[in-house]
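Provided herewith is a single structure, encoded as structure tokens, for subsequent inquiry.
Residue numbering begins at 1 within each chain, and the chains themselves are lettered A, B, C, D and E in the order written.
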Amino acid sequence: MTVTYSRRVADAGLGTFSRLLLRWKGSIYKLLYRELIIFTVLYYFFSSVYRFVLNEDQKRLFEKLSMYCDRYAELIPVSFVLGFYVTLVVSRWWGQFESVPWPDRLAALVGGHVRGIDETARLTRRTLMRYANLSGALIYRSVSTAVYKRFPTMEHLVQAGLMTTEELRHLEALPSPHNKFWVPCMWFVNLALRARTEGRINNDVALTAILAELNSLRTKCMKLYGYDWISLPLVYTQVSEVVLGRPLVVTVAVYSFFLACLIGRQFLDPAQGYPGHDLDFYLPVFTLLQFFFYVGWLKVAEQLINPFGEDDDDFETNWLVDRNLQVSLLSVDEMYDSLPAVEKDKYWN
Amino acid sequence: MTVTYSRRVADAGLGTFSRLLLRWKGSIYKLLYRELIIFTVLYYFFSSVYRFVLNEDQKRLFEKLSMYCDRYAELIPVSFVLGFYVTLVVSRWWGQFESVPWPDRLAALVGGHVRGIDETARLTRRTLMRYANLSGALIYRSVSTAVYKRFPTMEHLVQAGLMTTEELRHLEALPSPHNKFWVPCMWFVNLALRARTEGRINNDVALTAILAELNSLRTKCMKLYGYDWISLPLVYTQVSEVVLGRPLVVTVAVYSFFLACLIGRQFLDPAQGYPGHDLDFYLPVFTLLQFFFYVGWLKVAEQLINPFGEDDDDFETNWLVDRNLQVSLLSVDEMYDSLPAVEKDKYWN
Amino acid sequence: MTVTYSRRVADAGLGTFSRLLLRWKGSIYKLLYRELIIFTVLYYFFSSVYRFVLNEDQKRLFEKLSMYCDRYAELIPVSFVLGFYVTLVVSRWWGQFESVPWPDRLAALVGGHVRGIDETARLTRRTLMRYANLSGALIYRSVSTAVYKRFPTMEHLVQAGLMTTEELRHLEALPSPHNKFWVPCMWFVNLALRARTEGRINNDVALTAILAELNSLRTKCMKLYGYDWISLPLVYTQVSEVVLGRPLVVTVAVYSFFLACLIGRQFLDPAQGYPGHDLDFYLPVFTLLQFFFYVGWLKVAEQLINPFGEDDDDFETNWLVDRNLQVSLLSVDEMYDSLPAVEKDKYWN
Amino acid sequence: MTVTYSRRVADAGLGTFSRLLLRWKGSIYKLLYRELIIFTVLYYFFSSVYRFVLNEDQKRLFEKLSMYCDRYAELIPVSFVLGFYVTLVVSRWWGQFESVPWPDRLAALVGGHVRGIDETARLTRRTLMRYANLSGALIYRSVSTAVYKRFPTMEHLVQAGLMTTEELRHLEALPSPHNKFWVPCMWFVNLALRARTEGRINNDVALTAILAELNSLRTKCMKLYGYDWISLPLVYTQVSEVVLGRPLVVTVAVYSFFLACLIGRQFLDPAQGYPGHDLDFYLPVFTLLQFFFYVGWLKVAEQLINPFGEDDDDFETNWLVDRNLQVSLLSVDEMYDSLPAVEKDKYWN
Amino acid sequence: MTVTYSRRVADAGLGTFSRLLLRWKGSIYKLLYRELIIFTVLYYFFSSVYRFVLNEDQKRLFEKLSMYCDRYAELIPVSFVLGFYVTLVVSRWWGQFESVPWPDRLAALVGGHVRGIDETARLTRRTLMRYANLSGALIYRSVSTAVYKRFPTMEHLVQAGLMTTEELRHLEALPSPHNKFWVPCMWFVNLALRARTEGRINNDVALTAILAELNSLRTKCMKLYGYDWISLPLVYTQVSEVVLGRPLVVTVAVYSFFLACLIGRQFLDPAQGYPGHDLDFYLPVFTLLQFFFYVGWLKVAEQLINPFGEDDDDFETNWLVDRNLQVSLLSVDEMYDSLPAVEKDKYWN
């Protein structure tokens, strides 16, 4: 787990990135190879038609068409549009990452303030944390494909130990058409209040701190819900315009650029003496590099638009669900009041 | 509700975006078709005049004019201006979304700290939450066309159950020319204080936490009010310059670009041998693509400037009003002290 | 008050922005007409000199000069510089708007926690809020031209009811050369403490919450003071460089561009056969559009640099002063403990 | 103090900025005149060599060289690089301004919560605030040249009344090689705790609020320290790369641009008929404008990189030290429990 | 420690940056010299082949190839791509710096609120702070190469005095596959609770404040973990796309640009009369400047991607570990209740 990629680039040197470039070739090719093949096949199709099929007059016409396309391809501000677009997508993507709810802070408070080692106290602490995790899982189910596939029905959440059958019954009994991720939060509140009444939480300041922490967690869930919602019931809406419409604008820009390139970057008969067409290389190196470069950039953006999918590159939400549940329960149960012997440290006096 | 568009793009592949492009064609066309038709009609009008109406001398003149327009069209930095402008608009739009007040956090505190199962206690909890929702609704009425249409008069808020006739009377009796969205907040404060005095809220820390939460809600309302206000009494003001003046600058840029294109992108008689005019296509593919691309981008911005309208693409404020009221009441009433039986979870020991 | 401009653009359609364009023509013309007239007059002055005054040799020289200017005008990255500059100015402008102190939150706490209906209690509440408003007014006086004109001396604040003569005497007696906007904050603290001692505020948590809220208000005042200060005693300073120096850089860029255009965009005698000079239009449509477009953009920035002036477009600080005082006093006095009868709502069971 | 520059630009009009341009000429010239003189001298040196020294063959060679330089000068994206760079520098500069610690908020709490009018109480309040100011001064000494020059040794702080000899002795006795700005914070904590024990602070909530406020102040000190530190022990480090390396990249771009201009923008003999060289002006107006424009922009950035220097344009840290100490002491001592007579305000009933 | 680089640029003047340019030459050369040598060698290799090896026909072909490459090199928007990319990298880098956990605030609270001078009290305070530092060190171990090298095994942390053998045993006994940086936080909570029970912390408000502060520290640790994690188990993931893929895109852009330059910027035989090839300089000054400029820019970005490495330029995490431990222990032990004699300050009356 500690062998990370970051460490690999930690020390920048001559070959570092070149090596990564090689190592990652597979990955970026995995994303691009289909487009690249299609583009190349089409390119050589037009090339062959020009070279072998057309008669002289048609060749002259094709050449004019090619130069016309080339001229207009240069008018399309592909890099500019991609720059602005990717900047927006990346900041949104990072915003989503920062909205991921971690129950660690809550676990610290619950583990500290809910006192008692009897079974009810343990049960209270564990159940409180389970509610917090359940709330997160309900949100993940509605934003993440991977989690949705893992828990296609509520029953699966029960089987995974995130809720009990009784709780599921309660949840489903509640008459509301809206997403019910907030219901376990209310259970949490009610259970925390009962713990206060029973004296397991022994002061109001602690209770308030716990509820405040729960509310921060809930706010993060709301944010994820918001990120998802504004592309949810608004199918023909501004979000679609932002999340979709702008890719549309961007995608139209990029693909129409390469459509124009298909014709416009053909090598024309040098004998005709067109300016900039002195050589016939057969292999359009720079056009392919541009393709690799622009379409790769676009793919990065498409990958980041929804980071909760199942692509190799998406947040590992299922890992999150498991890690958070385990750490929560460990924090408030196994580790309750557990403390290594407090000894003098090395620098004592 | 869980079938979202995001899920559709969650797994980027070859055809994902192409399919969306087709599926969404309708949507983007809905926004653009009028402009596109007007542009095309005008384009062919000039084209026909040039081809069929003008005599030879006039044709030569038109050709010079066309090349003059083409040259200057390229001087207008349309993509640049749009890039900066859309970035501003999108960040403002997201800022507005983040200012939407959700009463969920407040409901958790009210549901937890206002104790009692008698009717007065229930009434207190429900009324507190209704006040919070009413405050939001009053703000929505002044910022959102959709909500304003739904509640054209205060009476409609009464009919919708957001306030009582008595409350309306109180609200209208208050002598202030300014927006009164803050009045229900003061009622909330007064009712919460009464609940504290009567012991329904049993400690000062809880009361302070509830009031703090109310104040965060109020701050969000203020923000929405601010987003709206600074384009409200300042009709000839800097805001108009930002919200309007800059679109004006941007719109002037975009439309003068396409005005120049109308003439400048005409196909000229190839026989005249003008550079770059070797072919006569009749259909100006690339100019139409540019039109689609730039005007589409501009439309995205216009959609986002005011996200509280009635466009298909605006925030569903009416849905928000309903959802928030329902979830608030459920949280503090039906779910008050409701708790599934606390059982040992699956991972117990 | 609810008929806002935003609503006008809420539903984007074909004509929406065009209509606004017409309606707002007046406004943008009001800002630009002087510059536009000067530019046009100068343009035609040079044009007339070229056409009617110069002899043939001088005409040839002028033509060379014109093409030289045209070439260099294109080297000046006007749109780029403006893009970056306006982005900075807009974010600073919005930052200032968000620093505007609203006493609403404080009023909620004072109205809630300072108990009692006797005259002293009312006096305490009203005076506390008056102090908070006075602090804001003192800041506005030092940042906003409009407020400064309304209250040229401290006496005017007394006459406006924002402070009493006694308070003015105290304020002036305090030996400090620095802005004293913080003094009413200290009075607030002292009065709040007295209220706590006398039991009008009945617990320490409430007192602390009130003081915390006061401090947030004060922080906002400090921020406004900071926005102003760093362009205050530092006349020849880096701020001047940011707020002024960069406009200088930007202004130099824009105006030197149009200086070059004055000569460089003249229509030259088509008979001389200079490339791109095939036509003589007399009216430089595109140059005027560019002027309208770039100088309009610059004007937007100049409007936003100081939003606390007296331009039509600046924040209505005087309105703010009045609104805040009225709402504050209403909140803590008329509305103290005022509550409509608490009735069952429409959705009760 | 209320005559500010902002007010001067508050009302944008035709002449506003032009007048500022004149008034500020001095300032921007002060920054640029040396570079401008050097550039002009070099320009005319090369010009003279070309015109008077070289023989015909050498002239032809020089002309080729000139056109070669001109061509490459246009390849260097100066405006682009400057735009991105200045945006980064400005946001960092504003971040530093926002990290400046103001003790006003703390003074409000200390003045309010530390009760008593006997000498010990006064001493406690004053000493608490002096500690907070001392902490700030220690940070300023390590980040600001101006403050460092004013207080070259710790002794000077003693002389300035910011600490006592006894405190200096304590500070120096502490065995730590690291910056000790945090030590007065610990004294503050200890003194506040003592005040609590002695009952001068009469409740735990108040004490906690005071310590929290102290910690925010401390965080701001840490931030300033961080802004400085990451350019402190890391002389050959990434910060240097950001703060320095990028100026290096930027500076290389700007200066190599003007190096190329020195040769490339020479007026060549019109008789040779080089394109774009039809006129010999002797005075390279546009090149000088570009110089003024780009180097001025770069200077703005250099001014802002470290706002704590002694340039005319840097934050007035010494003024800050004095203002903060005076306002702190006034707040907690002179103004302790001082309150003008509480009278009915003008709007009473 | 107070002689900082910032001070060196604090006063911008003519020579300031030039001098830094010289002084830093070493540094930037250290990063670039290998690439520069390779590029120069390759450049002269192609140059020699062209001049001495090829026959006339091959030379003509090479010339065509060179002009073809030159034309396409200009199509690659290197500066644009770098501008957007570096902006993203810098903001991420600064985000990481701001996530560095400093235990100073926590030390103030622990030193203030955990009372007692007996050995157990001292032990409690020291141990609490040691736990906080241990948590940070565990995070650093997983994000920073330098710290990982210093503490390759947990044993090394014991030897460094950051934990005891007993604690290590506890830590390892805990059955969890996930990073355990949060475990010392739970110990902290448990020890703090014990201190509360034993009355060393004498009120609940203080306890809650301490736990809240611990939680902020923990949040910062989580953030660092997040910055690292999202490039951790997601080797073929979107992060790789962001952190790697985009450099890939950027790197491809930069390196393919210079590949094209290798051929395209060769000096061609002036006798052939190709436009822009009138001179043969042998030394490609401007191409080398561009190389220095663009590749230097790219290197800056590579340096900043992971600031926790061992490059000269990375955050000094080992220094942080030491500084934080020392300052923490000093704060809560040596400085516990230590206070210089409280004397009247210089401005008393």
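The rule we apply is simple: a contact is a pair of C-beta atoms (placed from the backbone, for glycine too) under 8 Å apart; a residue touches a chain by one contact, two chains touch by 3 or more.
Since the structure is predicted, the reported quantities are computational estimates derived from the model, not experimental observations.
Chains that touch both chain A and chain E are absent from this assembly. Looking at which positions face the partner, chain D and chain E present mostly different ones, since fewer than half of the interface numbers are shared.
Remark: chain A and chain D have CA centroids separated by 38 Å (rounded to whole angstrom). Here the spacing of chain B and chain C, counted between their Cα centres, is 24 Å.
Among all residues of chain C, those that touch two or more other chains are 80, 83, 87, 205, 299, 303, 311, 314.
In terms of inter-chain touching, the protein chains here make up one closed cycle, each touching precisely two others. Residues of chain A that touch chain B in their complex: 31, 34-35, 61, 64-65, 67-69, 71-72, 75-77, 80-81, 83-84, 87-88, 123-124, 126-127, 130, 141-143, 145, 148, 160-161, 164, 166-167, 169-170, 174-179, 182-183, 185-187, 189-194, 204-205, 207-208, 211-212, 214-215, 218-219, 222, 226, 228, 230-249, 251-253, 256, 260, 299, 302-303, 305-306, 308-311, 314, 329. If you check the complex, the residues on chain E that touch chain D are 1-2, 4-7, 9-12, 14, 16-17, 20-21, 24, 27-28, 30, 74, 79-80, 83, 86-87, 90, 93, 97-98, 102, 104-105, 107-109, 111-113, 115, 203, 205-206, 209, 213, 276, 278-279, 281, 286, 289-290, 292-293, 296-297, 299-300, 303-304, 307, 311-316, 319, 323, 326-327, 330-331, 334-348.
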